[in-house]
Amino acid sequence: MAEGAIFRIAGLGKSFGPNDVLRGVAMELRAGEVTVLMGANGAGKSTLVKIMSGIHQADRGVMMLADAPFLPATPAEAMRAGVVTVHQNINDGVVGALDVATNLVLDRLNDTGRGIFFNPRRVRREAADVAARMGLRLDLSADVTELPLADRQMVAIARAMAHEPKVMILDEPTSSLSANEAARLFDLIDRLRARGVAILYISHRMSDIRRLADRIFSLRDGQIVGRFEEKPLDYEGAVNAMLGRNLGRSGIASRAASRPIFSAEGLLISPAGRPFSLTLGAGEVVAVTGLVGVGKTRLAETLYGIHAPLGGTMQLDGSVYRPKAPAEAIARGVFLVAKDRAQTGIVPDFNIYENMSLPFLPRFSHFGVARRRAERAKAREQIKDLKIVCRSERDDLATLSGGNQQKVTVARWLSQPSRLLILDEPFQGVDIAARHDIAAKLRESAADRATLLFLTELDEALETADRILVMSEHTIVGEHRSAEVDMERLLADVAGRGIGDAA
Amino acid sequence: MIFTRRVLGKVGLALLGASFLAPVAAIAQDKPAPFDNPGEVDIALVRYLSTGDFFQAYLSGVEAQAKALGVNLRVFDSRQDAALQADMVDQAIALGVDGIIIQHGLTESMKEAAQRAVDAGIKVVAFDVNVENEAIPQIEQSDRDLARLALEQAIKDNGESWKAAYVYVAGIAPLDRRDETWREFKEKYPGIEEVAQFGTLDNPIANSVANQARSVLTANPDVQVVFAPYDEFAKGVKIAVDEAGMSGNIKIYSADISTADISAMREPGSAWAATAATNPAVVGEVSVRALAMLLAGEDPGQSVIVPPTLITQAQLNEQDIKNMEELSQKLPQFAHADVAVPAWMPLPPRD
Amino acid sequence: MSSDLVGKPVTEAQPSGGARLSLRELAIRYGFLLLLAGLIVFFSLATRGFASPQAAVFILQSVSITGILALGVTATMVVGGFDLSIGSIATSAMMAAAYVMVVMEQNALVAVLVCLAIGALVGLINGLIICYMRVPDLLATLGMMFLLIGLQRIPTEGRSIAAGMTMPDGSTAAGTFSANFLALGRHRFDFFIPDLVPASVVVLIVLAVLIWFFLEYTRFGRMMYAVGSNARAAEFAGAPVKAYKIWAYVISGIFSSIGGILLAARLGRGDIASGNNLLLDAVAAALIGFAVLGAAKPNAFGTAIGALFVGVLLQGLTMMNVPYYTQDFVKGAVLVIALVFTFSLLGRNAR
């Protein structure tokens, strides 16, 4: 099975203090193939990548590159040997102050024997070569900071290609890309594959994996627990292996709303959209899906009082609802778990209980003095309910993993009864286990309120919602019941008018 | 020839002047050039220090004498920025002033700037800063005399043997000169024992010095005399002495004076016994007069010294002096100094 | 690394106080307090008079003004801002107090109210400029600092204000500092020992306890920390972010003006001063406070300890006759050590 593999790992082990992060990983990468590595947060993916790219050194085991031992001491050494890594943070891969051309040939500028003088014409010529080879159609004189994320990502990858690598590691490259942008990235990866590069692709996104994978390895607790190499690939099996349990879609028993809690008539949220209506009932979980940039976040924030609607009326519990600020929305029982928790959710200097009680401090206060005992008791309850992994409710948020941080932000808004709970991309950057915990808790507690989820990933919507609304061009354009969903019609709604590549 | 109204007017005025105002015109004509036409004379005051009553009073003296002469005065204030002060001299040169008074500053930064002014044909005098230039007279308030007067009074009040605390910050020219006198006195009177030395120019100075003095007095409760040869220091020490409740045991001797100092010295039971001072307004006047002499082609001398006056708490109380005006009125030796006064020099009005 | 904690056994939340601290954590948490205690012991042994109630009270008195300013700037740091204008607000308040009493002949109450109003108004303007005009905090308050340094000179045309001063128009100011006002700087309360604790120390302690309680125990204080740590998250949690920021600057302005009132009461006059030393000392105290108890963020208790730390050091060094010019060095060294401690040992990026 290992024959023909250009890169091989066997018995790789790594410990940080008492933590065995990698416990004998064995893996092969083949030239001209995309090998997908799946693993929950904390399974050891990042450590493995860091060892392969020379940032960390393994404690045990061997790595072989083209039948020669591969033991990089620094990232530069790994790169020279032919293993390049494009990290998750795109901006690590490009230099913002320089133009595209210079970025594309940046590594060559550092070559010794290059001469002292910077020759813009030569740089432009070499950059054009690189771009042509990679099929990039970009303005080479543009500043990198002016490019959209996806283009920056491609520049970073093209730049990495300048080394003629044998192995390329892509660490969650689509995590901040829209479906459309991701599709362009996949074309680029196809090119790399055709050029005979062995690609290690790390991702959570099933749509990526379905599109690209030639083989899948599942990593759990520092070991490879599943190898899926025969086509058609067993995606369910890979997920199950990585999680060590069966998730599936079986838990959903689609519920129907009993009575309406929230309704909107002729709501217009953007000059680019059209008025639409919306009714949300008690006990139901409704997902709004659609491509990136169709106004999902705008709608979520409009309901939460951050933006004023351009037209239409809203009603909550039978009376007019027109919040001018989040404080008013909160007072009416409309809560928002906002997108991108690092920016809008967590307070990094606060511990768990302080983060949870943040919007409800008036309820936890006597004459303005906060009652910490009550805050902490509530937080302990939530930690237990949502299975948050921590030492105590006084842990700083910075010490928690991404999934647990997200659980804290969700727990914050579940800690008090709400009328309408809105969650904007609550599963972003969260491993499947945490996602399952959050979704289960949402459904379990949904009885007395309306729950509205904004999700780009259709899988996530199908897995958690009773009803799916589809947004396109700042308007709700379609409605589907999860129980009897017609995938083709759903995808057509998502794709809107003539946009064909909704994943 | 066409007689315009203006020409007629001029002729008329000239006739009038010749007939009725002959004596006045004669005096005006007695003034040497360029002061026969003072409205065309521009002088600049380039300051290093400006915060505090002393510098304010100095400025008022400069303004009063400039007004008496009828010349135009420009004031440049570098606010303790040595480099900026040098730039301001260049600025004054560029503006084409006739004379410059450099008030305080650092030798190193001002020496070359002053030379550039002299090279540009501008007359320069310097107050309290040595710019090491033969062509530039020094206006001095004789810091050695100031310190000497205050210390002589201290000897008179306390005998020749006492424990002293001394407030001093090195590197400030007038304080350095006062320090020399202090050292001479310590040699001359071996009974004087300096148990502590402190000082700071952190602003507000009095507040910072008070904090230090409190520490010093706590550590050395047997101090009898504090020599604080700068009134901001003395104010700070007095605050500390009051706060420590030691005003019965300690006497403060200082240099310089202001209205606020007078009221502090006259507070009941005040520890501030005496100060020696030159009237800063007089020093300001003398600075302008010396510059005027230079401009008129006369030589005020390489060093123009304004003599100081000793002012004791007893004097202030006896004559019931409450502020600087009354001090000038009741101590005439403080109000005026007949320094740099050629016959043609107009003086500011004296009261 | 996303999650080192996954895979560890999920422990139940531990009861409060049950967590055992490692030696390193102990050092981080109590290191600075230990150092402070060590300093006190050292100075008590090295100098006589250090270990006395009077000396202890004096240390508090010497840091009371900068301490109060530091507490104010702490409030702005908590919301993620900064206030460079505190020093000049203090000196402006000092000038205003003197002007109200000496020139306008008003009583102590009016003077205090005017000062507080000035502080609140300047803070409000700072807050509005920062929140609504979107000027970065450092730049807005820097501008305000310069503005105030100039503004405080305008009413008296650059003169310091003291009873009996000469006004620009030549008249003499008739008012005096009211005795009640001076008592703010000079009165001492009995505390076991008669006449021990000065009013300014009482004000410092009261304000420190107030702001500490406000920041740590009220929901408003908690929200201010949230605003400083992640303003967007605070906004999404329903907090009126701009209002909290503006309030922080108003608090800072009021605290600074209280510092200015105490300064005027101690000096008994209105001194033209930039207040930059007050600013620097106050900021140093607030930054040293980051290191106290391993907080790694602005906090009132730390600020108070930071001010005390600097006070103890300076008092001790002055009592040991260490020259003044080493004091800034010592302050700077303490600050650098505290910052290194905060940012490297605590491993956090607090702003």
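Every chain is named by a letter (A, B and C) in the order it is written, and numbering of its residues begins at 1.
Here is the rule we use: a contact is a pair of C-beta atoms (placed from the backbone, for glycine too) under 8 Å apart; a residue touches a chain by one contact, two chains touch by 3 or more.
A quick note: this is a predicted structure, and the numbers were derived from the prediction, not measured.
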Using mean Cα positions as chain centres, tell me which chain lies farthest from chain A.
B
Which chain is in the middle, if each chain's centre is the mean of its C-alpha atoms?
C
Provide the C-alpha centroid distance between chain A and chain C, rounded to the nearest whole angstrom.
44
Measure off the straight-line distance from the CA centroid of chain A to the CA centroid of chain B, and report it in whole Å.
74
Per the C-alpha means, the centres of chain B and chain C lie apart by a whole-Å value of 36
Which stretch or stretches of chain B touch chain C in the complex?
50-53, 56, 59, 169, 196-200, 202-204, 206-208, 210-212, 214-216, 218-219, 221, 235, 239, 242-245, 258-260, 262-264, 322-325
If we count contacts the way the header does, which residues on chain C are in touch with chain B in the complex?
47-50, 52, 54-55, 58, 61-62, 65, 91, 94, 158-160, 162-166, 172, 186, 195, 198, 263, 266-269, 271-277, 314-316, 318-321, 323-324, 327
Within their complex, chain A touches chain C through residues 16, 19, 21, 40-42, 46-47, 221, 304, 306, 325-327, 329-330, 336, 338, 343-350, 354, 358-359, 361-362, 364-365, 368-370, 376, 380, 383, 387, 389-394, 398-404, 412
Residue numbers on chain C that touch chain A, as the complex places them
1-8, 10-11, 13-14, 16, 19, 217-220, 222-223, 225-226, 228-230, 232-240, 297, 348, 350
